[in-house]
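Have a look at the structure that comes next, please.
By written order: A, B and C. Residues from 1 in each chain.
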Amino acid sequence: MRSWVILFTLSTCVLSAFSLEATETGHSNNWAVLVDTSRFWFNYRHVANVLSIYRSVKRLGIPDSQIILMIADDMACNPRNPRPATVFNNAKQHINVYGDDVEVDYRGYEVTVENFVRLLTGRLPPETPRSKKLLTDEGSNILIYLTGHGGDGFLKFQDSEEITSQELGDALEQMWQKRRYHEILFVVDTCQASSMYEKFYSPNILAVASSLVGEDSLSHHVDPAIGVYIIDRYTYYALDFLETVEPSSSKTLSEFLKVCPKRFCISTVGVRKDLFRRDPKNVPVTDFFGSLRPVELTTSTVNVSPVQLNNTNSPKKPVIKYKYVDQFPDLSYV
Amino acid sequence: MSTTQKFVFFALAATIRLLLIYSEYQKIIADRVEVSTALNSWKKVTEGVYLREAGIDPYTGDLFHESPIGLVVFSYMQKYLSLCMLCGIFVFTDLATAWILGATAYRYTSELIATEQKDIQKRKKESNDEELSTLPSSMSIPASSVTSSALLVPSAYLFNPYVVFNCVGLTTTVFTNFLLSAALYSMINKSRLCSCFTIAVLTLQGLYPITLMVPATIYLARNEEGKNKNFPYGNINKTIAMFIGILIALYYLSYKVSGSWSFLHSTIGFILTVPDLRPNIGLYWYFFTEMFEHFRWLFVASFQINVGLLYVAPLALRFRRDPMLLAFSYLAIAAIFKSYPCLGEVGFYMALLPMWKHLFPHMQQGFIVSCFLLSCTVFAPTVWHLWIYSRSANANFYFGVTLAFAIAQIFLVTDVLFASVKREFSLRHGLSREIHGNTGKLLLE
Amino acid sequence: MGLLTDPRAGNGAVIKFVMKWEKLLCLTLYVTGVIWFVSLAYPDFNDNTYFSENALLPGLVTNEFNEDGGAKRFHDELLAEMKKYPDDMPYPWLLAKFRQLNLDVYTHNFTLNYPLSQQKFTGQNVYSILRAPRSASTEAIILSVPYRSASSIHLTTAPSIALLLAFAKFCRKQNYWAKDIIFVVTEHEQLGMQAWLEAYHRCTCGQDGVLIAGDLVGRAGSIQAAINLEMHSFKIGSIDIKVEGLNGQLPNLDLVNLANKMCAKEGIRRTFQRRADSNPKDKIRKWWYQFVTMMSMVSTQATGVPTGNHGVFHRFGIEAITLEGFAKSGSGTESTIYNIGRVVESLIRSLNNLLERFHQSFFFYLLPSTDRYISIGLYMPPLALIIAGLFIKAFSVWLKLQESTEKKDGESDAVKQAKSEELVLSHIAWEVLWTHILGVATLSAPRLFTYIGIKFHLATENSVSLGLLLLTIVMFIGTLCFERYRTYETASLLYVIALIELATMLLCISMHNFSLALVAAVVYVPAALTVIPKKGNESRFHNLRCIPWILLHPLCLACTVVAVYTHFTFPDYTIIAFALKWIQASKQAIVFGIIDSMVYGNWLYSVTVCVLLPTWLIFWIVVTSKPILRISK
């Protein structure tokens, strides 16, 4: 059985390496890291933001096993919530984004800067469960979505610590050097959000921010039945757009980047394209929000020899521990 | 006149103390953080004694920080003395401290006058300097100040509100102050055994008074200075050896009494590493609650070096001619910068001030410093109330007051020391400060 | 180190300047301080209020309160009950109503041993706890109403009790409470509330054995905030928001803002110090209007007497305000109990959102209108200027004294000087000591006075005020007759000590009760600055300087304040009627001050007697002293 797995991985590696050169998109799998960094009842909207994005990417095909959801507080079970066990993202309350199948990977006080950076860079202790690991490779397209309270050059985690844009930039660079991603779409919805991506210096990152430095990102509206601001403006309009996207649709990232113009957002949406090698006009939204993989057909036959399951022989074989090969910087990209 | 006056003063002081001890304010005063700290509170002593009686090592928890010898003494006190007697002992010790201080001041001032007269006579003979002959009579210390300082020093101790609070709060600093005064007295009387013994006991209890060995050594070495012009190595070695011998003996005794060395961690360790961060009038608690944990040791070390080592040598070199002033400055520095300071210690060194009455005209910040000290003393409980009870202020307010209190004390000490330097300069060179026709000025650099 | 060691500091330019311009400097500082303070009410010098606490989420919910019908029924029933028991609280009815709502309901008994006579009063509070359905009972909010029986002289609070019950009924149905809500109906105004709080926290604020608070059966968590309701009518013309608490302590400004905003949202006319906001175009007229409002707050705060039940909460670290609703008078819209219920609902829901105690906004402020505030940073500098004059004066007197002793140095021989110095010191120590001991003795004197008074069949008021009056007369005459020989130096040194003590006291008070410190500073500082210790060669008019100090004796001052107050309250009295009323009112005011300090721990009387009186005595000694140039012995 194990040999089968190895063979399969090998073949996909070959395939993806092959496809890297052959096609433009070139990614082999999709991951999403969705983070709400703030707790407390009055930050209900941040939880609603992140759960809404979670719902969208899941609808578009990224499986739960490839979504890392970090939520700093449990709004659904907050005693102040008049509708227990629900979280809504709209005053009309037609979608409960805290539905039956939400898998929160990091919750409450687990949402820390350290855990976030360790998650991205893969420096987690070996006993960490699989659901808390970002098991990406050089063929992974990652959607990183952050929401919370930010300032010029930092994002607050849990009222007690913060991640600076430099730290975030370094973490992404480390990911790149360890070949942990193929492309990243970085979306951040906080005050002065664009300061978060200013320090990025690694290739293949497209960054979108809900506001420029010096601007506040505002909430969209209040749900008077719950008594809180229910969603942020940028995320609200981004969702509006994502609702129109289907797994098979051909909407491009350039359309996504135009979401929430200033008259709706009140803040200016910031975009950083210089690190991204492709033209957003030709990149389908589903490259990041969906999980469509290009399938390559080979004409040559691959011989898969049957595995001999000989139990008597097995004790003789030394137990091999498989691990990911150490990755080296790929200088050809730079 | 003088004896009756003294008697009246002592009686009055005793009455004030006893009245306050038996009033409803005793508990309030004893519970004030300015008066009782983790090191000196009588509550902790009672706990320690109880644990000892129950057969539990009082040093295992974070409760008791007196020396084992102190523990034995206190446990006998609590066992055999009624509460009345106990209060009486506290008051009596305080009065005795004042009496010894008076004797010290008498001895010190008369010696000071004698040496200064000798000095001036000698220099007048040597050089027929005109400036010296024009030295106004006010510069020299009048003979009457011997009796006056012998009266003023004890009354400054007896009626000092800090000392009164300290005594009413029944802190063990009352006994520490007694030992301190005994150390000063034996120092000036050149009794080697007594001074070494008292300072060793003080070191065992509070560590910082070890610096007093410097003035003590100087006093004892002076003894033979007249006869022998050489540097008195033998004398100094003898003193230091005796001190170390007594100290080791005391530690061994403590070990025997408590049965293990665990007391070291709870006494010296407690003083040096400052684990108890309850607010007090010192500067440690706020810094170390705010500090990041990984800087802690660096700052503990630098704070302790500041109080224990930094000033010892420079001050000793500068004021070697006046070891009493040196002892005063060491005491003051310890009272300001030590890890768990309390008002009793501040009161003690302030009571010594009238010994240097002749320096007062050379001081500059007297008025401002006293205003500051007064306001801080009144403000501390006010701000404490706002912080702890009304919750409308916070820790920063209280720390601000303690910081101002420390700064005022630093001003006071610096002012006294500088006044002494200035006076010395004036005695040598006369009062006029003219250099090549221009008015010069004295600067401390 | 320059500051520490620069010898020029001793006789530098600053010193010379202070010595030369001392009088003008003090005057300028005083006048600037007063003008600065007065101008703070000018719209450009104060700020709009705002919320600093994010967690409050003020007014985001749709109000759902709809129990106005219920409130009406409760009101009718309550009025019937009150008719039946005109002097008592209808406990059974209240308990039954809470029980019908399925709430935990408890009673609390307390006793007051009236401190100045052997009387005993008892009272009973009723309280009920709504437990938060989905959280641990660690925090609580209080909604309280003082019960006033039909025979009470105060305006009725029956409508607010009806509202409280109706609101409890409404709350019972909601599932979003994160904190317990305690509904308290208290008896005997602040006394009941104080007793309840002492029992809740198991402590005593006043003297031991005066207010016996007992214990409570039911408790919730730590109390975060409290709203006290005093609705005098079922239909309300305006709501007055009362903030001043015991000893002048104020609630967090966020809570006051919250109440203001919620009233505004419901369209209820709100007032502060019973003055509605007026917005004249003319800035000067606006300034005057705001100034009067601000001074009204200053005068209420300065007394240190709480203006409502909310006042006794503050010392426990609980933020509390009173909403007092008045029936409509004159024109204007009228609000029903429905609107007020909605205001209370919004308030409690916002408080429910709180995550930690109020700590953000201001605890020290003055309000010139409902939506503007003057923060501590703005009002402290004027007071500091006024007080700075005292320090400067003290410093210059001290310097002059130093100079004069230095001059004399050459003349007299050293022995004599040391002797005189000793005498001066002991004189001063003695004066300071006996004045303060007298102060402390006066603090505990009222019990003695009443004890003696009972022997002569005097009422408490009469014996206390007579005793204090006698004490004052003894003070006046004693200091004039038994005058010891005082030199100019003694008087000057005493003067310095008195100045510094006064200044320190004022600064200290200003931390707790700014208004009191301000009023005291404005009155005492000019008098203190004009004192000149006599040298012996003054003109006869110099004695006129005693006159202000006679008026400034704390007792005289208290009587003067009462006289002014009486005059404004009863402007149409004849002189004799006025005098009678005045004497009566003064006696009552003094006794109230003493009783308050014993029951509630109000420190106005203690501070006046322990600090102000000794300071006054020292000033008085300085003013009246007849100098002898040298002690002949």
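Methods note: a residue touches a chain if its C-beta (ideal position, glycine included) is under 8 Å from a C-beta of that chain, and two chains touch if they have at least 3 such contacts.
Worth saying up front: this structure is predicted, and the values here are computed from it rather than measured.
Colleague: Relative to the centroid of every protein C-alpha atom displayed, which chain's own C-alpha centroid is closest?
Modeller: C
Colleague: Could you work out which chain's C-alpha centre is the most distant one from the centre of subunit A?
Modeller: Between subunit A and the rest, the longest centre separation is with B.
Colleague: Could you give the separation in Å between the centres of subunit A and subunit C, each centre being the mean of its C-alpha atoms?
Modeller: From the centre of subunit A to the centre of subunit C is 58 Å.
Colleague: Using the average of all C-alpha atoms in each chain as its centre, how far is it in Å between subunit B and subunit C?
Modeller: Each chain's C-alpha centroid was found; their separation is 41 Å.
Colleague: Would you kindly tell me how far, in whole Å, the mean C-alpha position of subunit B lies from that of subunit A?
Modeller: Chain centres of subunit A and subunit B, defined by C-alpha means, are spaced 65 Å apart.
Colleague: Two or more other chains touching the same residue: where does that happen in subunit B?
Modeller: none
Colleague: Where in subunit A do residues touch at least two different other chains?
Modeller: Residue numbers touching two or more other chains: none in subunit A.
Colleague: Quick check: in the complex, which residue numbers of subunit A touch subunit C?
Modeller: Within the complex, subunit A contacts subunit C at residues 40-42, 77-82, 84, 222, 224-229.
Colleague: How about subunit C: which of its residues touch subunit B in the complex?
Modeller: Against subunit B, the touching part of subunit C is residues 1, 4-10, 249, 314-315, 317, 357, 359, 363-364, 391, 394-395, 398, 406, 409-410, 414-415, 418-419, 421-422, 429, 500, 504-505, 507-508, 511-512.
Colleague: Where on subunit B does subunit C make contact in their complex?
Modeller: Where subunit B meets subunit C, its residues are 136-138, 142-145, 148, 151, 159, 361, 364-365, 367, 371, 374-375, 378-379, 382-383, 385-386, 389-393, 411, 414-415, 418, 422, 441-444.
Colleague: Could you please specify the touching residues of subunit C with respect to subunit A in the complex?
Modeller: Listed in rising order, the residues of subunit C that touch subunit A are 54-55, 57, 60-62, 132-135, 174-178, 349, 352-353, 355.
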